[in-house]
Structure formats: C-alpha cells, structure tokens
Amino acid sequence: MKTGGGAGGERAPLGRRERLHEIIFEADTPTGKAFDVALIVAILASVLVVILSTMPELRVEPWQGRLYAVEWVFTGLFTAEYLLRLGVVKRPIRYARSFFGIVDLLSILPVYLTLFLADESHPEALLVVRALRLLRVFRVLKLARYLSEATALKRAVIVSRHKIFVFLTAVLIIVVIASATMYLAEGQTNESLDSMPEAMYWAVITMTTVGYGDVTPGTITGKFITAALVLMGYAMIIVPTGILSAEITAHRGKGVSTQSCRACMHADHDPDAAFCKFCGEKL
Amino acid sequence: MKTGGGAGGERAPLGRRERLHEIIFEADTPTGKAFDVALIVAILASVLVVILSTMPELRVEPWQGRLYAVEWVFTGLFTAEYLLRLGVVKRPIRYARSFFGIVDLLSILPVYLTLFLADESHPEALLVVRALRLLRVFRVLKLARYLSEATALKRAVIVSRHKIFVFLTAVLIIVVIASATMYLAEGQTNESLDSMPEAMYWAVITMTTVGYGDVTPGTITGKFITAALVLMGYAMIIVPTGILSAEITAHRGKGVSTQSCRACMHADHDPDAAFCKFCGEKL
Amino acid sequence: MKTGGGAGGERAPLGRRERLHEIIFEADTPTGKAFDVALIVAILASVLVVILSTMPELRVEPWQGRLYAVEWVFTGLFTAEYLLRLGVVKRPIRYARSFFGIVDLLSILPVYLTLFLADESHPEALLVVRALRLLRVFRVLKLARYLSEATALKRAVIVSRHKIFVFLTAVLIIVVIASATMYLAEGQTNESLDSMPEAMYWAVITMTTVGYGDVTPGTITGKFITAALVLMGYAMIIVPTGILSAEITAHRGKGVSTQSCRACMHADHDPDAAFCKFCGEKL
Amino acid sequence: MKTGGGAGGERAPLGRRERLHEIIFEADTPTGKAFDVALIVAILASVLVVILSTMPELRVEPWQGRLYAVEWVFTGLFTAEYLLRLGVVKRPIRYARSFFGIVDLLSILPVYLTLFLADESHPEALLVVRALRLLRVFRVLKLARYLSEATALKRAVIVSRHKIFVFLTAVLIIVVIASATMYLAEGQTNESLDSMPEAMYWAVITMTTVGYGDVTPGTITGKFITAALVLMGYAMIIVPTGILSAEITAHRGKGVSTQSCRACMHADHDPDAAFCKFCGEKL
C-alpha cells in the first residue's frame, strides 16, 4: 500500500502543480480528503455498475445500453484521474510502475480494448482490478489511524510467518495423505473421487469444514477416513489461532511504552522499565 | 440498552406514581424484579405463540382460533404495560422516542393494524420486534452484573473497531475478487453462477465455511479457485479472533485498578490489593 | 463427577469390606486402578457391542444371537458390579441416589425390561446411559492429574458464565430475528421454509456454518439475508473464543505462585510480589 | 523428525565419506543445503507425477507411458539416494530403522513390487509415503529456525495434552450420546441413519460444522436434536482454542531468558536485555 507521495512537511505557499499533488495524493487537507472520499464513492459505484451488468435481468434493453453508458462515464473519469496523477507527480514513471499505478491503468484499459477487439464484453474482468482499487479506502482513513492498525496486523502476521509456514506445510502433507487414502478406498467406486486432484479438492473442502456435499464418502471405510480427517481439521484451526492471538497479545503488552533511551536511542522498552535495558541509562 | 430510569439513590417514602415507576422501570426492589421476570416470561410466551401460529399443523381449527385469542390477550397485556410506562415516566415523549419505547410500540401495533387492513395476517412480522424486546432480559439480570459483562464485551468490540473495519474491508475485497474470478471461470457453463451477485453469494457461503452445496464448482479450474478461497477463509477467521482475544486479555489484566503506590510509585496493582506488592506501603 | 468414597487417609489394616471398598471406589492402589481400567475396557466393549447390534449387516443370524448373548454377559457383569457397590458402601441409599449410582442402574435396567415388555429391542436406548458411564474414565486417570485439568476447564467456564449467558441470549435473539425475516421473505415460496420452526432450524444450521444444504434460499432477497446472517455468525464465534481464551490466560498467569501470606493467610499473590498485597507482610 | 546425523562440531579436514555424510545428512554447508533443496524439489515433482498419473485424462497413451517412465526415473534417483545414505552413515542399521529410513524405503519399494506382482498399478499407495518424505522440508529450513518453531508448537501441544485428552473424551461421549438419541428418533424412518455407525458419522460431520448434507434430519424432533448438537459443537471449538492460545502466550512471555540480575535479583528480563531494567546493573 505505497501511496506515492510523502507526508509533506513544508507548509510554504504552493504552486498549482504542488496544490494538485496535495489534493490528489494526500489526505491531510480538507480538499485532499474530499477528493479521496469522492474517489472511493466513484470506485464503489463503478464496482456496483459492473456487478449489475452481469445480471441476466439487466442484460436486456434498455438496461444494457444505460449500464454501458455509465460504464464509459466512469472509464472517462478514471482515465482523467490517471492522466492527472501522471502529470502531477515528479517522477511519472515511478508512479506508473507502482502497485497503485498499475492497478489504476488496468482498471480502465479493458474498456478501451473492447473498442478494438471482440464485441463480446467481459465486464467481470474489470472487477478484479477495480476491487483492488478499493484498497485506497485505507489511505482516505489514514488520519483515523486505520493504516497503523493494518500495520499492526501485518506485523503480527510477519512475526508469525515461520509458524504459519510450518502450519501450512503440515496442512499440505495431511491433505495429500488423506486424499491418497480416500482415493485408495473409494477411487474405483465413487465417480466424484476418480482422480487425485478430485480427492484433494474433497480433502480441502472437508478439512476446512466447508463441506459442500458434492463429494461425499459412500462406504463405511470412507466415512471413517472422513471422520478422522474432519476431527483433525477441527483440531488444526486451533493452532494458527493460538499463534496469532499470542503474537498480538505479546505486541500489545510490549508496545505500550513509546519511551526511547536518551543515551542509546533504543525504543523497545517495557512499560515497567526504569532503566534502559540496552545500555543501563536511567529512563 | 438505555433503561429509561436512573438507579434511584434516595430511599424517602414514595408516592404511588413513584412506586409504580420503581416497579416498572427498575429491578432493584423485589417487586420490581418480580415485575421484570413476569414480563420476560410473557415476552417469551408471546414469541412462542407467534412461532406456533406459523406451523401448518396448527393453522387449522380449533388451533388457529385459540392461538388468535391468546395473541390478543398478550397484545392487551403489552398495550396496558405500554400505557402504564407512558403514564408513569416524567417525560413520556422521551420514553416514546427511546429504543425500548419504539420497540414496545412496534410489538403491539401490527396486531391492531390487522383489524383495519388485510385479513391475511403476517404474524412473523411481529417476531422481529418481539424478539428485540427480549433484550430486556439483560435489565432484569442487571443486579447479577450481567450488564457489566455486556459492557465489557461492548468495550472490547469498540476498542477493536479499527482492526475489525480493516478486516471487513479486506473480506469485502477478497469476496469481490474471488467471485469475479469464479464468474470468469464458470459463468458461462454453471447455471447457478450466472451473475456476479450469485457468485458473491457463493463466495460468502464458501469463505465462511458454511458450504450449503447449492452452488458448487463444476470444473477443475473452479475447484482450484474454491480450494484457494476456502484456505484463505480458513486462515482469515484467525485474524479477528486473535484481535478480540488480545483485547479482552489486555483489559482483564490491566484495566480495573489505576492506583499507584505513594512510596515507590509502582502502579501495576491488582484491583483487590490493599498494600503495594513491591514495597509493602499501604495503598 | 462425585465418586462416592473419600480419599481414605488411614492406612490401618482393613477388613474385607473396607478392602473391597478401596478396590471398587478408589484408584489409589494398584488393585483399585486395575479394577477401574478393567471396568473402562468393559464399558467400551459393551458400547461397541450395542453399536454393532444396530448394523443391518449384523441383524441376521448367527450374528444377532451372538451379540444378544454377549449383551447379556455384560449386563450380568454390570449387575454384579452394581450390587457389589451397593453392598460395600456405608450408605447404599446415598450411592443409589448419586449421579453414577443412577447411571449404573439405568445402564442395566433396559435389558431386563425387554424380558417382560416388548420383544422388539431398542439397544440404542442403552447407549445414551452406557456412554455416560464413560465419564468414569476421568476417575481412573485421577492420579495423572486429568481431573485437575478438567477442573481448570470447568473453572474457566464458570468464571465466564455471565459472558457466555450474554452471548447465548444474543445468539437466540439473532436466530429469532433472522428466521422471522427469512420466513417473511421466502415463507410463501420455499417449501422447506414453510414455518417458523423450520426457519429457526435453517438459521441455526446457517449461523453456526454447518450448512447442510437441505434448506437454502431461493431468491436474491433470501440470499442477501443469508449472506448477512453468515457473516454475523462468522464474526460471533470470535466473541466466546476471546472470552474463554482470556480467562484461561488470566488464570494461568496468576495461578503460578502458590505462596500464602504468613500473617493473613491470603494465597492469591502474583509471582513477582515481595509483600502481601492484603496486609503488607513481607512474603 | 530425527535427522540421523549430529550437527558436527569438528571442522578438521574430512575424508570422502565424511564429506558425503555432511552433504547428505546436514544442511549447514552450502553443498549440503543445495543437496537438500534439490531433494525437496525431486520429492515435490515425484508427488506431482503420481497425482497426474491418477487423472483419467492422462491415463491414455502417450501420457501413461511417459508418466510411467518419469516414475521409474524418480524411483531410480530415490533408490540411489537410499543406498548412498546407507553407505555413508556409521550405523546403517540404525538409519534403516529410523523414521526417515523406513519412509525412504517405503517410498521406492511399491514401484519394484509392481514388476513381480499385479500389472494393475496403484500409484496412490506411493503418495502416502512420498508425502511423508515432504517432512524433510523442515530439515532444509533448519537454519532459518523453522525447526525451533515446530518445536515450540510441539511443546505447546505436549503441555496441553492433558486438557486435550479431557476435551477429546468429552467430544467422544457427546458424539455417542447425540448419535444414539438421533438413531432413536429417526433410525426407523431415515434410511441414511439406519445404524449407529451411520449416526456417529452424522454426529461427527454435524458437530464439527462440516455439514455435507448427505445425512440430514427429516423430522422436527431430529431437527431439534441437530440444532442442540450444532450449538454444542459451535461452543466446544472454543475450549481447545483457548487452551492452546493461553499455553503459547504463557511460553512466549516467559520461556526464553532465565537470566536474573546479580544486584537486585530480578529475573523477568527480555531475551535481548543487556542491563537490568529494574536497577540498571549490567547483566
């Protein structure tokens, strides 16, 4: 979630380009925030239009034509916004290559491609990139410390990544073993379990307790294997929950003190510390 | 869950209206508690009557007539209670506008409307508001510190609201992306996935591990997308669990006592501590 | 899980009845433990026999006859055990009225009743009480501190009971409101949702993410209600998890120090306490 | 996950056999790590080949022949690796008897057996053992402290094993009681519940919230039993989650540093502390 521009420390009178930059890329001024809120509303509306245009009830005239028109209005707006961003930043190439730069481009490109290519439009392709644009919502809410919360979540996930990797490897191995056992037991008789990929799909759907019911065991042996896998899956969800929960608890308990040592500048002190634990300086 | 009346500090002799107020709006006296318990029982019974009156087996005579009569008895009782509340409070308008005032009115109004309007009754409409009246159960149990527990839960949710918002936005974005991908993959071939709203219904049902099985993937690609989404949903439930768990833990360990020792200035005392546990000074 | 007899402090020479009592009711001596292990094995075997006797494949001769015989052997054994327990305890009436006394009686009575009553046996009725007898397993494992773990769990549940009650009431209210809304939306058109009890069954199955798929929404409105309920259920499981997790953490962190104050005999000190927090005495 | 060889403290010039040993059994040198990474890739590829060879689409020529050939290449490679390991270790018998020794042998043996026995191959039997070989992935990643994470998880599980045993016994008893009740209620009318094993399968699938929908209650009584069991299962997942979460939290907060200050004897220091945080003394 890089946001292109810095936080802007100088409060000197700004030129026109600088002011535009502040409005478009930052959310610290009222105008900048209003621009971002309007943008979020436009993104949400454009997502809604694409969703509506996939409904069979609205794929008849006059709805199809109207939705097509609205679609072009949003595409025009987003194109203007993209060009504005390119013109305002100091390094347009860097913006164009950034995560949001690519997402912004991809969210308008498919509409233009339909002019030159097939007449059969695939509006749903737009949704994938347009939905990513919704990540901008975090930027708008930056002031309200939402970003710092996202950062805290991210940190907890990062700190736990070794444990999560161990967990996912274990899940993978259990899925392979369970589906191979099930394939051995019912592969010949159960037509929805006639290959290993099907059996692995069954194992994932079962172990995560989704349980569609499109692939179910037909024999007593298969039911026994299923019960064993299900109880294992039921038990395994506990592991990562405990890991992350402990990680967040630990960071919360530790993170309270923001005091940093005057001598060695270390900041990670406990709230009850009276002396710097790195250099022994009194806090 | 505002409860209309204060806790009543004065114990002076009360007039009739004051006594009625105490009985109806407070649960600190035996009579007041008895009234509230009787009210809860009546609400539960009236909910049960409405539930029974929707069953086809009981929609024939003589049951339908009997249930209809009981329904009117409860409506009469609740009307009397509502009028009593209006007459007893100092500011009837304020009560009528409060959450429980509106709920109390709405839970009797539909029955009277059936007299003037259609003969086809919709008893289930009553249930939605009658069920809300069950929230009064917390008021009756106030003395047993249930309300403070509800408050503790509410506080934990409020403190975590930024994290929960970040989480829900992430869930929304994942649902949109997953359903768009699925619609791209199976929209043409799978008739239960023939529009984006259907695909989003599928994504929510799948990601939360409900898995009805009324919408299931039909192709290998779709099954792969499903497995990926399911594992993501399986992993994501962990995040809010950890957040709330950490929040409750933190509040439990910390929140209650903010007293610090006058001698050694240590602050981390238990709520039941009478002496400083670090230096022995009286708190 | 009361176990009838005390822990037996005296180690004086015992009479025959006392020795039998020690073997049957206690698990502290090798013979007593061996008796309990043999009992658990017998209970497990008798449960297995009843399970087997319900299988259609084994309801033909010669299996049915053999299982019937084995059933009578176990009934004989358990009858002998029950009479022995009655004869050995000091207060037979008190044992007969205790939880395990009633369970022990109920687990043999139905077999005798089949002699006088119907010829059609219902072996599954036995299972419910026989399964309860499995609770004795905790007694056998008493020495290995399993009971204390069960106690810790029980204490955590008890401490959290107010929060759990608040949670369950909220779940009940949500189930009633959601099922009434769903009944309003699809009650006329969806034949598996044609009464409130059916709708409440649907709400429970959906909210807990079981999702059988025998009752599913048929309209867009119904699907929207379902998605909302599902996300609510997905979010609500977090609440009790966090509550109990915090409770267990708190008890674990606090329970470490077993030091009690010499002056005031209070025991609930933190591990890092140097002075009694209740009376100021140095620990 | 014993790994056969020690960590090797001596850095003296090694003989050829010692060097081979270091490459094959250890992951501390670049060559050793490269060997392990290559091995993991080979194992993953061989698992993929077996998965592909079960797909009906690839069970026709020329694919079947090609996959058969690749299968033999991997078997040859793994045979060479197995013999190399046997020749390099000081005590070949001990390696052959170790967990990985047996897994290594079992993962190649079935392919050779197809030469002498039936012509109908069961490649899925290979998967069960080949998947177990994936556990070697933890060894490769040893340097990156993944093993220590796995150890931390293992320790948390071990410390909680008494609680988990109590929990699983309770689940077993509830499953037996619930399935017996359900069998009593619907055993005569519901053909998918016509024996206790079927009812127990239903109870496990329901209680863990998988809910395939292949066995569902058909009567109001059955639906009531189901709702009760489901709410119980929904509540029970909380218990082990809380247990493990608390265990991990406790170990994280406590375990790592056991160093205590020489001046004030405080012990609760962070692992990265160089000075006592209570009195400033150098640790």
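Letters A, B, C and D mark the chains in the order given here, with residues in each chain numbered from 1 onward.
In this text, a contact is a pair of C-beta atoms (placed from the backbone, for glycine too) under 8 Å apart; a residue touches a chain by one contact, two chains touch by 3 or more.
Source: prediction; values computed, not measured.
Colleague: Out of A-C, A-B or B-D, find the interface that copies A-D, where copy means more than half of the contact pairs are identical.
Modeller: A-B
Colleague: Higher C-beta contact count, B-D or C-D?
Modeller: Per the contact counts, C-D leads.
Colleague: What is the distance in Å between the mean C-alpha positions of chain B and chain D?
Modeller: 41
Colleague: Measuring from the mean C-alpha position of chain C to the mean C-alpha position of chain D, what distance in angstrom results?
Modeller: The separation of the two C-alpha centroids amounts to 30 Å.
Colleague: Out of chain C, which residues touch more than one other chain, so two or more?
Modeller: 197, 200, 209-213, 237, 241, 245, 247, 249, 253, 272
Colleague: Touching residues of chain D toward chain B in the complex: what are they?
Modeller: It is residues 209-213, 241, 245, 249 of chain D that touch chain B.
Colleague: Can you name the residues of chain D that touch chain A in the complex?
Modeller: Residue list for chain D touching chain A: 47, 50-52, 54-56, 122, 124-125, 127-128, 131-132, 134-135, 137-138, 141, 144-146, 149-150, 152-153, 156, 171, 197-198, 200-201, 204-205, 208-214, 237, 240-241, 244-245, 247-249, 252-253, 269-270, 272-282.
Colleague: Quick check on the complex: what are the chain A residues that touch chain D?
Modeller: 162-163, 165-167, 169, 172-173, 176-177, 179-181, 183-184, 187, 194-197, 200, 206, 209-213, 216, 220, 223-224, 226-227, 230-231, 233-235, 237-239, 241-243, 245-247, 249-250, 253, 268-270, 272-282
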